[in-house]
Structures are given as structure tokens and as C-alpha cells.
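What follows is a pair of complexes built around subunit A, which joins subunit B in one and subunit C in the other.
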Partner chain A sequence: MTRWEVFKQDTVGKPYQAVGSVHAADAQHALLTAAHVFARRPSAHSLWVVPADSINSRTAQELATREVQDMGSTADAVTGTVRDEGSREQPYHVFRKSSHRRSMTFVDHVGTLEATSPAAALDRAMAEAPDAAQALAWWVVPAAAVTASSEADAASWFEPAKDKTYKQQSLYGAGPGGSSRRNP
Partner chain B sequence: MERDEGSAEAREFEARIARGEKIEPGDWMPDAYRTQLIRMIGQHAHSEIVGMLPEGAWIDKAPSLRRKLILVAKVQDEAGHGQYLYHAAETLGASRDEMTEALLAGKAKYSSVFNYPTLTWADVGMIGWLVDGAAIRNQLMLAQCSYGPYSRAMVRICSEETFHHKQGREMIVLYAAGTPSQRRMAQDALDRWWWPSLMMLGPHDADSPNTPQLVAWGIKTKTNDQVRQEFINEHVPELQGAGLTIPDPALVRDDVTGDWRHGPIDWDEFWSVVKGNGPCNAERLAARQKAHDEGRWVRDALDAFAARQAGTGLDA
Partner chain C sequence: MADARTLSAALQAPLVARLTAMADDELVLGHRNAEWTGHAPLLEEDIALANLAQDEIGHAITWYGLRSAIDGSDPDQLVYFRDAPDFLNAWLVELPRGDWAFTMLRQYLFDAYECELLARLARSTYEPLAQAAVKVGREELFHLRHSSLWLERLAHGTTESKERLLRAMATAWPLLPQLLAPMTGAAELHAAGIWPDPSELRDAVVARTRSALEGVGLTVGPLSPASGLTDHRGTHPAHLDEVLANLQSVARADPEAVQW
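Let's turn to the complex of A and B:
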């Protein structure tokens, strides 16, 4: 079964962030599964799913040691429209990881641009980012490969988690002895 | 690979670990680093999945709607945690099917502690307090791991698992202050889960030959004995504060270091359980096999649906 990378947007205006993957038969099934796996708690506003083989990934180390042009043109396989690579511009979403800080998410969405291939999209994204040299990893995804959860479903998919306060650790207090006695 | 040793890539890898950088999918890594991570993450994922069984058995026996909602959410979380971890292993080239097959064939391990039975409702609370408490100690350590995807899975799991720990503690503290039979039930659960909880953090450092390499690679950032000591120091005062008696007559507080020193652990029991001879090993694997077999029609239906969507179905 296809593996789908999942991106979660916590609230309106926040970037979509790579949270992990699910296995599913099609995009709608992937979205449903992703909601159960990655949005059991607040907060989530929207999900994107992308077939894993449509993700064009480069780490800083790979960029230092390999040609960007090695990137496949997986957009072709997804859209079925751009068979002749480089012949036509299409939109790409660009994601990057910028820090080694403790985190539960990987790359953040940083922009969308038109390019003729994933490699060209990455070239442009790097040229336009003043701090491109500090990026730790890039993902380039053809916009046509993205399936988003529907706005109409958002309330029924994501709002109930806010009422399930019994899942929040803050509800349970510090316990006998209090938290100050932990980790001497 | 032997030739990894001392190569320019290996030196750079070690320098990156020393700088506290995360290794990401696509980065160069020694083959043995990849292999050890797949083994560890796979075992960890299996532990989450098998870990649903001991508590899941009590969902339909929960004494109140609130406790039932909590337990359903907790068991559902464990399923989710297994998914995060299988994802992390997949970034290293492992396939989910292979990992599942290894579990069902008895080739891949899972945490020894889930091979003990849940005999009373208090076991649900005690598992939350002790087993999840020990797991969180281990997972906070692994959240600092050098491999990015494993580290991120651990951060997400710890943030959810703290609820598991606290709901268990709340339940046991309540019973420990309750009727005589509730107190007996809480103490009996502690008597049965204390030692398996210490054991689940792994053999003593002197008997854990993989640990030095795992620490050097930044996969583990603390040893088994260090994590166990943190767990004991956190839980002994709280359990005693709840009026319970820890079933270790040798347990004593070291006034100099502040550490609680435990008595000897029965490692023969631990290894017997790890080797498949614990009270519930056969039952746990049989339950996983049954779920796998009974879910086959769902997987087949999904495959058929996917083939039809792709225009390659039998009815295309």
C-alpha cells in the first residue's frame, strides 16, 4: 500500500509541518488515517497528504556532496501531464528544516513557487532564501501531488479533540509529594 | 561495514554527533548505526502495539464512564505511538510488512513487561504509573537521540504519554486512600508490577554490551542503570507518599547522593521472559496473530480498491 507523508497545520496562518507518514489506499483514506494518527489532540486546522515517492528530499550534507540535478522529476508520475521534463512550469511547495532544536515535526512549509522541475524549484528556493546556507534539509513537492483535508470537514475532524480534556496531562495535578520532589 | 571505520565520512559523522547535530534520512551513516536503529525502533514500535493488549482487556470492565474514556484514549494513543515509530524505522529503509512479520514470527522482541497479566482493575492504574513512568524516563532520554526521525517520534510520544502516567497515578493514589479492599488491590498491583518495571529498563550496564556503542553514536544518551535510577528516585517518594509499601526490603536512600538503592533484581526471571517463557508471551503473540489474520480481508479490500483507483484492478 502507498505510503503518504502527512503535513499538519495547527492553526490558520501557521505553516504546514511534516509530522510523519501513514499507509493508505488513496488520498482520502490517507487523510482519514492521518487525522486519527496525528490529530487526536489539539490543535489541527488542516492536513495535507502527499505520496511519499512525490517528495524530493535533500539534506545539507547531500547538497554539499551531490548535484541537485540528481533529483527525479516525480511530478510526472503524479500529474501524468508533464511527461517532458522541463518543458512547462508548475507550482512546487518548498519545505525546510532550519534547526537542530528539540521538535516533534520535521520540515516547515516556507513557500510555493513555479518551476520546470523539482531541481529547478530547489535552486530557486535556495537562491531566494538569504539564509539558505543554514538550512538543514529541504523538501520539494509538486503542488499537484498534495491532497488537503476539506474546510467543511475541519470542525467535525478537529474540534472534538478540544473537548476531550481528560487527555490533557494538566488535568491531573502534581501528585503526592509534588513535582518539586521529582528528579533529585 | 568494516571499511566505514576511519573513512572521511565516518569521521565527519562522528564530528556531527559530537556537535549535537541530528542525522536525517539521506545523510551518510555507518551501516551498523542504521541496523541498530532499525532493531531498536522496531522493538519499540512492537512494544507500543503489544502494549495495547494488557490494558485493552479492561476497557469493557472500566468502573465508570470517565475511566473508560481515559482508558480508550490511552490505548488509542499506544496504537498511534506504534505508527510514529514504524514511520521512523521506515525512514531507514525498513518496511512495515517486514517488521510485522518479524514480530509475528517471534524474531523481533518487544518490551518484557507486557508479558505479565493484568489481574485486577488496579493493574490499569499501576501500569500507567509505573510502566508508563519508566517508559517516559527512557523516552525522554531517547528524545535527545542523534537520529532525527526517532527523536521527533519520542518528543511527540512523551508529550502524550505524560497523560498516561498521571491518570495512573491519580487512580492509584485514590485507591491507596480508599476502602481497605481498594488499598489491598493497589498494594497487590504494586507488589506485582514493581520488579517488572525495574527490569523493563534493561540489564545492568555491565551486562549490556551494546550500550557503549549506542552512547558513542548518540542513540542512547544515558545508560540503562542511569535511567533506572531516575525512575526509582522519581517514584519511590511518590509511592510511599501515597501510603504504599514498595516490595523491596533492601530499598534504602543513600544520604550522600540522595539516590534510592534497590535490592538485587531477579535477572533470571527477566531473561526467561525475554526468551519467550513469561506468563503471557504466547498469549500476546497469539492475540497479535489473530488480529493480523482477521484483518486480512481489510488489507485485501484496500489493495483491491487502490488497484481499481489506479486502473489496474481485476475489474478494470
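Let's turn to the complex of A and C:
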């Protein structure tokens, strides 16, 4: 069964962030299970799912090696989305991980650009980012591989979570000495 | 608009029974769904079913709460200390969880019923009910999307998934009328604008579900015109005892406990 990477946008204007993955039969099923698994608690405004094999990933360590010179063709072979010798431009979403903080998420969406291949998209993104050398990892995703939750569904998919407060164990009065207290 | 203080005395008993039936439906279905925890075919669906179960039980708390505002009853007492004959849930929700096809088909039928019912209750003249219906209805749309998606995939999946769905239909479909049957006082509640007309609701739910089921290629048998027209709630096949034994055992082990 296909593995899908899930990207969550917490509120309008915030970047989509990679939150984890789900296994599902198809994109719509992936979106639904992603909502169950990753949007049960506040907050979420929108979800994207992308087949895991459409993600072109490069870590800082990988970029520091010589293999980086060949990654364009490697990435193309992996995605299967750019088969025409990389000659046609298409939109790519670029994500990066910039720090080790917020370990519950991996990469953040940093921009969308037109390029002829994932490698070309990454080259441009790195050239345009003044602090590219500080990035820990990059993901490049063909925009065509993204399936997004619909704006119209937000009220039924994400709003109810705002009423579901997470209850800590202490709320139930359970714990040492707390068992089976009786009415006086 | 009415609320618990201004509700006429004659309408209290029918509304209390109606809210109890609704709460009991959600409670029992929630517990049946919870039985999938650790057993669902996919980890993601295991989490999804646990979510659905929590949501349905959360809705039950809402409806018991509306009842409590009318008669001062304690929802915990209702859930943990009533015996099966006092539960007003429909047969459909108390059947064992069966296989995945049965669970998803039952969930679909219940979600479709609730979406139609809640859309009407959102216009109820009983204000607390109208407000709750809007809130619960929002979440039920998400449930309906989930169960509809599975209905489609089971119907168009493999020979086995289709066969399982057909077997589930043979059990679940004939129970739909009982879920939709009017209860005592239905005419008065409808006349007061508190609850929708049961026959109009029944036609809408049957038309919607029949069209969806036929839309995925299932042959849907006729429902007897008479079936479900009398109020059968309050009688139960043996299954409810099994649910309650599990649900109530801890609370009944120490009825005086106020904290665990």
C-alpha cells in the first residue's frame, strides 16, 4: 500500500509542515486518514498529501558529497514525473528543515518555483536563499503530486478539533493514592 | 423558541425519550466501534475508528446533557446503572461489529441518518437542541465522508470485499426502518416544531442511502412499508447485554466510588 507524506498548515499564512506519513489506497483515502491521525487536535487549516516516492529529499550531508552532482538524474528517476529529459518547466514546492527545534515536524514549505527538474528546482531554491548553507535538509515536490484538502471541508474536518481539549492524566484524579475514593 | 425552562409539561416526556434514544444510539455505536481498537485492518484506520468511537460517545454526552437539563437526570447513572430493557438504542447499532464491511456499512447508514436528522434539528424550535445539532452535524459530515469512501472502495474493490458488503447489506439494510421509526409523542413534538416529521425524515434517509448504495452497484431490496412504523425501541436482541456487561462492569464493581 502506498505511503503518503502529510503536510499540515496550522492557520492561514503559516507554512505547510511535514508532520509524518500514512498508508492509504489512494489520495482521498490518504487525506481522510491524515485528518484522523494528524488533525485530531488543534490546530489545522489545510492538509496536503504526496506519494512518498514523489518526494526528492536531500540532507546537508548528502549535498556535501560528490553525489550531489548526479542528483538531478537520480531524482528524476525516483519521481518518474520528469521523463522528457527535464526540458519542460513545471511548478515545484520547496521545503527545508532549518533547525532542530520543533522536532514534531520535519521540513517547512519555503516556496514554489518553476523548474525543469527537481534538481534544477533545488539549485534555484538554494541560490535564492542567502542562508542555504545552514539548511539541514531539503525536500522538492512536484506541485502536480500534491492532493489538498478542500477549503469547503475545513469546517467539518478541522473545526471540531478546537472543542476537543487534550485531557492530562491529572484531570481524572488518577495516580498514587487516588484510587477509589468514596463519598463521605 | 423554547428551552428547558419553558418547555411545556406535555412535551417533556416525549422529548426526554427521544433524546435518550439518540444518546443511547451514539453510546452503543461508539462502544461497538471502540472494539476495533487494536484490530483494524490498517494502523491508520485503527486510529480513525477510535476517533469515531470517541466522537459518537461525545455526541451521546451532548444528548444526555440536553435530557439532564429537562429532568435533572445524571448521565453517568443512565449509562452505567440502567439495564438493557431501559436502553432505547436501535438494533442496528448494538449488533456485533462483524467484519470491516459490516462496520463501515453500519457506520454509513447511521451517518447518513444523522446528517439528515441533524440538518432538520438545526431548525428545531427547542433552542438547545438546534444549537447542539449544528455542532454535532459538522462532525458527522466528516464521519459520512469516511464511511462513504469505504462503501465505494469495498463495492469496487475485490470480489471478496463486494461479497462481504453484500452480506453486510443483508443484515443491516432491513434494520434501517427501526432506526427511523417514530416514538411515542412524535406527532406532538413535530407539531411543536421540536422534532422533524418522522415519515418525511424516513423517506429522505431511505432515498439518500438507497441512491448511494445503488450508485456503487449494489442491489437494494425493498423495505416493507409497514416495517419500522411502530416503536420497537426498548426491546433488544441478546447483543445489548454483551455490550453493557463490558461497559458497566467497572462502575458497578464499586457504585459508591467518586474517583478512580
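As a convention for this text, the second predicted complex is superposed on the first by the 147 of 184 C-alpha atoms of A that agree within 3 Å, B and C clash if a C-alpha of one lies under 4 Å from a C-alpha of the other, contacts with A are read in each partner's own complex, and residues count from 1 in each chain.
Everything below uses one rule, namely that a contact is a pair of C-beta atoms (placed from the backbone, for glycine too) under 8 Å apart; a residue touches a chain by one contact, two chains touch by 3 or more.
The structure presented is a predicted model; accordingly, all values stated were derived computationally and were not measured.
Of the two partner chains, subunit B is the only one that A:E62 touches; subunit C does not reach it. Judged by the touch definition given at the top, the superposed model places A:G173 against both subunit B and subunit C. Of the two partner chains, subunit B is the only one that A:S103 touches; subunit C does not reach it. Look at A:L136: by the touch rule set out above, it reaches subunit B but stays clear of subunit C. Shared-chain residue A:L32: touches subunit C; no touch with subunit B. Of the two partner chains placed by superposition, only subunit B is touched by A:R3; subunit C is not. Of the two partner chains placed around the shared chain by superposition, subunit B and subunit C are both touched by A:H23.
A count of residues in subunit A touched by subunit B and by subunit C gives the higher number to B.
Under the contact criterion defined above, the residues of subunit A that touch both subunit B in one complex and subunit C in the other are 1, 22-25, 29, 36-37, 40, 164, 172-173, 181-183.
Residue ranges of subunit A in contact with subunit C, taken from their complex: 1, 22-25, 28-29, 32-33, 35-37, 40, 153, 155-157, 159-160, 163-164, 172-174, 178-183. For subunit A in complex with subunit B, the touching residues are 1-3, 19-26, 29, 36-38, 40-41, 57-59, 61-62, 97, 100, 102-106, 136-137, 164, 166-169, 171-173, 175-177, 181-184.
Across the interface of their complex, subunit A is touched by residues 20-22, 24-28, 66, 69-70, 73, 76-77, 80, 83-84, 87-88, 90, 96, 143-144, 148-149, 151-153, 155-156, 159-160, 162-163, 165-167, 169-170, 173, 230, 233-234, 237-238, 241-242, 258-259, 299, 302-303, 305-306, 309 of subunit B.
Partner subunit A is touched in their complex by these residues of subunit C: 42-45, 47-48, 51, 55, 58, 135, 138-142, 145-146, 149, 153, 254, 256-260.
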